[in-house]
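Before I ask anything, let me first share the structure, which is written out below as structure tokens.
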């Protein structure tokens, strides 16, 4: 059986790092904070690997099925009979896999940051935030309760906010962190309402019970949830769609993706950790967690997931081809790849061979985490060297940054799906799953795959080939610094090794939709077309960008409308700004404030003023003239007498 | 017809309203005081009349008349003291001029 | 028409006419004198009702005390030969109207109401009876109101003195 | 323990303050008094737990009753249940923090602290009273000092604000008084005793008249729409500790009254008017949130956000489920701590920058890391970050509200949920503008928090974390009290469509 203490320590050690460095870091660990955090996380990583080994090879499998184990559960907040937030640990294939991925990538980023962030004023704070993020992400992964996942969901959101805004004196970073938080927050409301709906019908918040109750066709809960409907759509579908909106927000799915490119304002290692490898796949993880409910009880919601994923993948790939900031290119590429994972889930079915999409999605999540982290860390090394994010400042860097160059190339090959690198295997599985279930999505995915290799190699050739730009070396003597030393190169090499070899893991053995071993079948014939398409993309990119020439401009001019639209990210940001500024601010908030100040408060003040006015009027009766009083008295007396005598007898 | 209760009540009522009229129209404080005396007298007359014609077995009306007379005397004394004091401060005993106690 | 009746009407006329004159004359001294006659008329009615003691008190206190006090204060506050200020006509008419309405209302009620005389044995309003009952402390005694009135008179006495005292000029030290 | 100590201790402190000679003595005496209150509140909490663990299940613990006016059935009747204990803890936290942040008051120090301590006495008395007349009496005690605090030590248009606040709150208490008298005279036993009244059945006609009176009367205190306009003006003019007490304690008097008095003794009325209450509270939540977006002054921002947050309290009561009632008590405590902390931070910033306009600040994190961190924490609590108390309270209210299957309440809940996005927008706009971005030149020489400010902030943060990280103890504390209220409400069938 799993060792609860060890598993609990995996998230708690980063938390300890956060608390120690956050409270005492500035005073006592000014220089050693990086070492402390890295050491703690190393222990976490080892524990995660140990747990994974134990789960997959020792106790996890019972009768050929990987068990969902809940070794720890503690009632944290009881809402009503049966409905409570439990703080628990769930151990099943996807959570164990994610534990390894998150701790490993986080460890790489911790090590890398020792070099990258060296000399920064707020070094301890940086590591404290990284610790907070790692804790929250690990907590999210092992959540056994849908509300627990929401809690950690918000916590990763806030740590992402803190890390994006790390360079807080840069106004663009401040704007970006706000945007990221608010957009994901908006999506989280959907998630929250989804939780409310699901918990109401299933009368539990516990994942295991919830999935069980909502997938058993005979259960009353499922019948009620399907029977209740709003706008012609069943309550269950509503709930799942709303939960998916939460996931889409965090995973930067169209149209909630606008925060992700801006989030690149954070330090590059942070982008690698949060906005490429781990946090942004939380949405995929969430859908995967609830996958049985999606696929068995509400196929409509699942197909929505598929289409949103496919659209996001395509749009992001198109936009990525036109961006010039290398981190933004990578950001759009991330969005595109997450789109892959999403539609892989969307086209999947529950159980057996039909569940290939599920396995493929998780597989891609795994490999993508490795090669995308590698890409970002490589980009970080370049930025560290050049002090610019713009492609136009780069070129010919292969001579100066040899290790970075090689590892970056490996990552690019991996993401383009060139065999035998990791991306090839996972992508091939995804395409196969799409081909079997939904042809439309398959074609979208195929086009996207070609675009992916094009923009990745556009990036690669622009950075490492072509003419060296002397202007970029003017700033300071970074040649001396070289590639940033051992601590920055070690993660690159380790990740490159992973990107090259991870594809050979027989993933279906470990992770499948019904947790029964799925044999990987390799379809050589099927994989020809995507690989060929990928290679075509690489060749076009080589032709256009390897040497300095004017082909890109020509090409851009040729397809000017599309190019311009893609360069401006299809104007989605502008639409958002229109909605928030014009509609929410000017049409709702401003009139509300005006209404409050003038109407509501005006009414209160008018009451006061009115009282004053009336009393001013009334007080003149008190004229001080005694005869007036006497006359009033007599008139009043007579009237009263008349009233009493003749009216109220 | 032998004058009786109603006749006297008529006298006292008329006297009362003469007093009221005087109180309303006079501006001199002393004359207003005189109107009040008329009103008081009409009340006294009522007391005595009722005592005589309605409850001849009691003397309550008579006693009240005595008390009213006593109180009227005291009241007149106090009122005149006030009037004289007012005259000292205002050089006038016109009621229109004594209207500080307002608002 | 008996002598008693004639006397009554004369007294009534004296009272009402001099009362009315007292409130409408514009020479203040005359007003005081008319008041005097009106009070005497009332005293006459008391005599006519055979309440001699009250009539005597009326003459002593009112005629001999209050009217003298009033005349005294007129001398203190009024320049000789000065006419009283005229009230606004509107006020006069309105006051008259109000007073008349009140009168009409009261008279109407009086006329409609029938008073029934008690059949108990009458008691003579002799001085002896009055004195015995006024100072009596039995159930018909008026000792307590008597005491209360005497305290009131004392208070009025002190009050008069306090009010009428000339305030000393303040020492501005 | 004897809970009258909660009243006697502040009273004694106030008297001793009056006897002191100079400002330093006054400060230390009030500090000592506040600390003793703090300790006493913890003693109460633990002895309450101990009693409950020993199996004492009576509704009210530590009951005391002294006849005061027997012919009208008025008595000093005190007792506490979990809800009152929670509110007392809140008061103790806010009082000690308020005393600490007022350390620099130089104008009429003695009177200032005297009024603060007097106000705390009113609050304690209110929370432990079980006799409605005495409860009303303490309610008034808690109002008057605020008028003086704002009128004398305030800033800006303080006379206007003080008048507005006092008049509106007095208007509210007038409604409460009328309502109380209505209940008193129509109950079959003429009594002001809460427990006695709760056992009687108040005639339904009376409930239909008196419930709105009491609810609106108490609602004025807790910023019920549209009687909330004293909140922004009052807060913005009040001195720091005044704002803290006002938002942290006074606004909770209203919420507690709505729950403990109005809803508890008139459940039919509550059910009949539930829809209106929900409607008003949802308006307050969204309206307050949108109005906050347009505010430029920090204190106005927090004041309007208080309107929005107190809307949740009313919403929780209006939903009339056990979970939502627990949630609304949580929200009261959480909002009390949070908003007190927010005002304390605003005070600290104002003392240094001499401005409260958000647009005039920037980059304060560089010079004032502690204050900015606290500002972040309080901002995050306000927008409902898990791990801090605001999240727990709001989620409990949402879960409780969602237990009704009818569409009206569903829509109301969803609208209330949407407000958390708006909250995020205005909080982040303000917080990031103040503490992030480039540092302005005129703020280059600012200093960070002093010991007393740090201590005050840490005490309040400790409270926020205690609920946010471990809500189960709080839930256990409040739950039996809510259960008893629900026992009166559940059997009623009218009013629910």
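The chains carry the letters A, B, C and D, assigned in the order they are written, with residues numbered from 1 in each.
Here, a residue touches a chain if its C-beta (ideal position, glycine included) is under 8 Å from a C-beta of that chain, and two chains touch if they have at least 3 such contacts.
Values in this document were obtained by computation on a predicted structure and should not be read as measured data.
Trainee: Could you see whether A-B or B-C has the larger number of C-beta contact pairs?
Mentor: B-C
Trainee: Where the CA atoms of subunit A average out and where those of subunit B average out, how many Å apart are those spots?
Mentor: Here subunit A and subunit B have centroids separated by 96 Å.
Trainee: Whole-Å distance, subunit B centre to subunit C centre, using C-alpha means?
Mentor: From the centre of subunit B to the centre of subunit C is 5 Å.
Trainee: Rounded to a whole Å, what is the gap between the Cα centroids of subunit C and subunit D?
Mentor: Chain centroid spacing, subunit C to subunit D, equals 68 Å.
Trainee: For subunit A and subunit C, what's the span in angstrom between their mean Cα positions?
Mentor: 101
Trainee: If you look at subunit D, which of its residues touch at least two other chains?
Mentor: none
Trainee: Mark out which residues of subunit C touch at least two other chains, giving numbers and ranges.
Mentor: As it turns out, subunit C has residues touching two or more other chains at 91, 94-95, 98-99, 102.
Trainee: List, in ascending order, every residue of subunit A touching at least 2 other chains.
Mentor: 627, 631, 634
Trainee: Under the stated touch criterion, can you name all the chain pairs that qualify?
Mentor: After working through each pair, the chains in contact turn out to be A-B, A-C, A-D, B-C.
Trainee: So in the complex, the part of subunit A that touches subunit C is made up of which residues?
Mentor: Residue list for subunit A touching subunit C: 627, 631, 634-635, 637-638, 641-642, 645.
Trainee: Can you check the complex and tell me which residues of subunit C touch subunit B?
Mentor: It comes out as residues 2, 4-5, 8-9, 12, 15-16, 19-20, 22-24, 28, 31-32, 35, 38-39, 42, 45-46, 49, 51, 53-54, 57-58, 61-62, 65-66, 69-70, 72-74, 76-78, 84-85, 87, 91-92, 94-96, 98-100, 102-103, 106-107, 110-111, 115-118, 120-123, 125, 129-130, 133-134, 140, 142, 145, 149, 152-153, 156-157, 159-161, 163-164, 166.
Trainee: Under the touch definition given earlier, write down the residues of subunit B that touch subunit C in their complex.
Mentor: Touch residues, subunit B against subunit C: 1-3, 5-11, 13-22, 24-28, 30-31, 33-35, 37-38, 41, 44-45, 48-50, 52-59, 62-63, 65-67, 69-78, 80-85, 87-88, 93-94.
Trainee: Which part of subunit A faces subunit D closely enough to touch in the complex?
Mentor: Residue positions touching the partner: 26, 75-80, 83, 147, 150-152, 154-155, 158, 165, 168-169, 171, 174, 177-178, 181-182, 185-186, 189, 192-193, 196-197, 199-200, 585, 588-590, 592-593, 596, 600-601, 603-604, 608.
Trainee: Note which residues of subunit C are touching subunit A in the complex, please.
Mentor: Contact set of subunit C toward subunit A: 91, 94-95, 98-99, 101-102, 105, 109.
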